[in-house]
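Both complexes below contain subunit A, partnered by subunit B and then by subunit C.
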Partner chain A sequence: MSIRTPVRPSGPGGPEAGGLRHRLAERGIDRQLWLLAPAIVFVVLLFLYPFFYGLQLSFQPNDGGPLADYDRFFSDAYQRDTIATTLGLSLPAALLNVLASVPLAYRMRGRFRGKRLVTTVLVVPITLGTVLTAEGLLNYLGPAGWFNRVLIELHLVDEPVTLIHNYWGVFLSIVITGFPFAFLLILSYLSGIDPSLERAAATLGAGWWQRFRRITLPLLAPGLATTFCLTFVLAFSVFPSAILVGNPAGSTRVISIAAYQAAYEQYDYPYASAIAMVMGLVELAVIALVLLWRTTLFKGSTGGKG
Partner chain B sequence: MVTTDAPSVPPPRPSGARHDGPDPDPGQDAARRPRRIVASPAAWLVWGVVVFFFANLAALVGSVVVNSFARRWFDTWLPDGWTTGWYSDAWDAFDLFHVIGVTLQVSGLVVGISLLVGVPASFVLARRSFPGKPLVFFAFLLPIMMPPITYGIPLATVLYKYELAGTMTGVVLANLVPSVPFVILTMTPFVEQVDPRIEDAARMCGAGMLATFTRILAPLLVPGILAAGILVLVRTVAMFELTFLTAGPDSQTLVVALYYSMSAAGIRAQQSVDAMAVIYTSMMLVLLVVALRFVNPTQLVARVKEDS
Partner chain C sequence: MSSGGFRALELRGVGRRFGRHTALQGLDLSIRRGEFIALLGPSGCGKSTALNCLAGLVPLTWGSIWLDGNRFDQLPPEKRGFGMVFQNYALFPHLTVRGNVSFGLRMRKLPKAEIRSRAQEAIRTVRLLDQADKLPGQLSGGQQQRVAIARSIALEPSVMLMDEPLSNLDAKLRLEMRTEIRQMHQALGLTTVYVTHDQEEALSLADRLVVLRDGRVQQIGTPEDLHRRPATWHVADFMGFRNLFRLTATGDAEHGQRVALSGEGLEFDATAAGTLRRGETVVAGVRPEDVQVLSGGGPDAPATAAREDGRTVLDARAQVVEFTGREFAVQVRIGDEVALHLRTPQRLVAGEPVWIGLPVSRMLAFPQEVEPGSVPWVGAPTAGGTGTGSPIDPGAGPGPGSGAGARPGSEAVSP
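Our next item is the complex of A and B:
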């Protein structure tokens, strides 16, 4: 009985390189990993390098110590309040998008005539994009627009309702672009939940509310968390609609406007980078909280998972 | 049975995990009937909200379309007269031929490069485990999770440093940042669905890595590649922030040109802006219809249980 170490036929590198290659291969490293290289180069060059460049730029303000720009941001109420404005817009809008999608998706997850048509119609608003939505909102909700005309004709209001150039215009624009997206994701998660689980609960005598509360909702919760995160990212980076249908100097001065103005109106790149970093941090903090909550949820293999 | 006729992408699931049970439909219908009676008001409420949402949305898009054909439209239900003049006006005033050309070139380049870079990477990420894989995965997830403005401003600063900002190269590079990870994440389930034994068989028969990739995997992955490519195309045409931060006067895409024409309100007639918006929407709708030929939107994350 001879035990032979499995040595590969050594390549051009000689027996030693072959041994090393073999040991690396046992740990999962071999030439196939080179396929990953272009993508990693891309992420490093185009995302990580600019990101860290911006990070170190934000600590080199045009005047003052390393933290001067952060200090400037947080001590100026006009700038500091943009964080609250952004969260005040994006959190309720993302929450509404997710919560409104659940009953609708719950209704729609079975098969019925025209399902494909309904889903197609639901995708259309995604393609409108923020700029067209803004233009439409200005036309439709404006003082002489159709919406106010209908309300006045029905004698619901006497004066045209102001829904543009304020908080509500931006809020509606986020809902219009974000809702279909949230709906599709939740429909997809809901469809992944095995319907036989609910049927089993039904045979045991659970009513529809009990089935939803005890079976579907716990299975769906991780998917809800993921959907909320993705919708929140969309809502948090609201930029064109905050300028076009909002009140960019006042009630809808979101943090991306502050960053943009610092970079392209004051040409103060360190300050703009500092604001961009604050923006990223706030957003990641919210997402981290949601994902942290998600880890406490069921993580089985039965659909609904993120 | 309505949904089955459409050519949808095969469900992204590892083979072998397929649901082979009998058709669950009769039982489901029987279980659903009593619930429908109980939940009837809720159903009406849900559908009512949907109809309200879409009625408003249709009116919103409709008002843009109507205004783009309006001669004059002030305080009335419908405009005084109709004209198509705003379209030719917008076409000339904004040099839309050039702008649409730029849009198509940028999105074509972004789709091509992100597929070339992303598909091999998604293959490795789907099949292999290696030290540091969670870290690599996280690095690919970050650009999607970050708001575009956050990394767009530092990226634009870097691109200005290397004198790439304001050129088409800069716009393409900036748009690649979210596109490459997007391709990777979309493609991973499609790769998982291909049976690894097929590759093993090809290797046994003497095919090298390149041959396995181009002659075995690529044909099997065509549905996934199409899905990812079209989704990236739609995203790139609609991507405002990154293009806005990096584009110069000659490298604007249609969304950015639309934004500039809107924010410079008063200089241009609003109808002219609306005409441009309608051109943009039509372009997006064409893309959407093409996309829905290849992608079933409800199957992006998990497989919908329906027999086909």
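Our next item is the complex of A and C:
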């Protein structure tokens, strides 16, 4: 690839050269294309190369045919079930994050005093990272943590509620770290909807629920689908909290733990690569389903029937 | 409550404050059924606030709104049954033209067949039947505007509210749509409250005008009233009195009487549009089309500046001459300071001297009753030298008629 960008003064006989450059520019090929170079280098070095390396590695198992490791994964129930475990954590968590963000963002879409403060508080968990969040949850939700102490003092429960080292610990951790993403994304999608649309709907006789259901929600739906996909992907690759506040040998043995064990406990890189590929495929399948749902939903309310 | 059969819609002392800013106060207005009311004023005068108060989109700070003796200013917008056309049309982008127009009907839970037929009828009224299945994004600005109107009239609202509906259209389309709105009002008889900053639009459409300034009503009247007898110089400014001067009354005068004014070393005769006292500073105005051109070697040409019976004759010099098609728009200068705009069919030559006449009956002198500090004067009055009179440029400052004043860019020709 040696694209030289000629800065040739169009002297005599220039019209052809100038014409070519003009025609290329019309198709979007000009010197500004170089601005893409750093991004392309990054994508190739940090994503494409590792991805294809892992892909080919997954087809070269230590013994057996090219698909032996995939076969091994799917025929072993202990391994295969990690898919269900991970989906069981990440799908409800992503859904909860999106559903909880919508009313909050809807309420906060306008301008009001202290909006910046509220937004900051909601966004703080992003900056903390999963490990710190998990540590905090261990203290706060543990048997001697003050969440349980308050419940016992209030005589709501007799025994401490077990909220760590099980499914709920990981679930809460994913919700806490994923919520700010969902909230910020949905808030920006909502801000992109012209507020006069709702006012117009009001003058046409629509109450608040109808305004939300008929105007805001259909316009927001594509954004909700995107937000769901992003929070789902974040949740699906859960690893630190599954170990720290979960039960990594049992109920929260997520797929990334399986891949980790294959790579760093058994030193079987091809098998680990195969598991990582399965992980990617499951994510892609979920995203494809959501995007498919999105198109039908949006068409439905845009449809010509009125 | 969507009965179109009300008798009167009444606003009593309606006002609205945003934080510490009072956007509107003391608006009293009684609207008869079928009337076309225009709220007119510069941006920030409170006209849109008044409309939003009527629509229920903005709660009132003071006052009340009544429909035939029923107070309804506490009702949310969806219960008022008023139609509203927004400045940016606010069409639902995910619904087709038909979907937009039938939205309100669907909210009323009408039978499917009725929704279909009424939406169809409204779309036919605005002549968009062939575009009915397109999305708003596929339509031109004028078509979108018509959809917005159809969406409101489909509900047969008791009152139609329009917020600068033509301001986003180009000049030609604006004229066409203006005629269409007028025709539609005549055909359907919908009571309409129309907000605009364009006096021509307001004069041509409305049965009655409400001129607002700084949140207060300046004058309420028919287009003829406002055109012939503006109550204040602010209204005059809005009604095409492009030439406004600050002068001093040299005698007492009651409303309608003749009064002599002086300033800028000149003497004028004018008709008082209020009670004036000797020595009081007044604002005098005359429309460009009322200024007479007396020269051109005709028999009218006077020998000297004089105060004749029916007019003040002044010695001026043509400065900028613009051909506007049917006539010439000319800026002349009287002395060194005073610029005057006039319209004449005569071709004047820039730089040539010209005699002009200011008819006493058309030159109105208003009391300068406005609080200090809120007046967009150009150049504060200075003692001595230039005297009390200095030309008012209404185009300067945030005051009324921005853009209607002297255009600085056109003062290129100077003798």
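Annotations for the structure displayed:
Just so we're on the same page, the second predicted complex is superposed on the first by the 263 of 306 C-alpha atoms of A that agree within 3 Å, B and C clash if a C-alpha of one lies under 4 Å from a C-alpha of the other, contacts with A are read in each partner's own complex, and residues count from 1 in each chain.
Please note the rule applied: contacts are C-beta pairs under 8 Å (C-beta built on N, C-alpha and C of every residue); 3 or more make two chains touch, one makes a residue touch a chain.
Just so it is clear, the model here is predicted, and its values are computed rather than measured.
Comparing subunit B with subunit C, more residues of subunit A are touched by B. By the touch criterion defined above, A:274 reaches neither subunit B nor subunit C. In the superposed pair of complexes, A:207 makes contact with subunit B and with subunit C alike. Of the two partner chains placed by the overlay, neither subunit B nor subunit C lies in contact with A:220. Of the two partner chains placed by the overlay, subunit B and subunit C both lie in contact with A:196. Using the contact criterion defined above for the overlaid structures, shared-chain residue A:286 touches neither subunit B nor subunit C, since it reaches no partner. Overlaid on A, the two complexes show subunit B and subunit C touching the same residues of subunit A, namely 194, 196, 199, 202, 207, 304. Those residues of subunit A that touch subunit B in the complex are listed here as 27-29, 31-33, 35-36, 38-40, 42-43, 46-51, 53-55, 57, 100, 103-104, 107, 110-116, 119-121, 123-137, 139-140, 144-147, 149, 176, 179, 184-185, 187-189, 191-192, 194-196, 198-199, 202, 207-208, 223, 229, 233, 236-237, 239-240, 243-244, 256, 259-260, 263, 269, 272-273, 276-277, 279-280, 283-284, 287, 303-304.
Considering their complex, residues 1-3, 6, 24-25, 27-28, 31-32, 35, 38-39, 42-43, 46-47, 49-50, 53-54, 56-57, 59-61, 63-64, 67, 74-75, 77, 116-118, 120-121, 123-125, 128-131, 136, 139-140, 142-151, 153-158, 173-174, 176-177, 180-181, 184, 209, 234, 238, 240-241, 244-245, 255, 258-259, 262-263, 273-274, 277, 280-281, 284-285, 287-288, 292, 297-306 of subunit B touch subunit A. Subunit C meets subunit A in the complex at residues 55-57, 76-84, 86, 88, 90-96, 98-99, 101-104, 107-108, 119, 133, 135, 151-152, 155, 161. Looking at the complex, you find that subunit A touches subunit C at residues 194, 196-197, 199-207, 210, 214-215, 218-219, 298, 301-302, 304-306.
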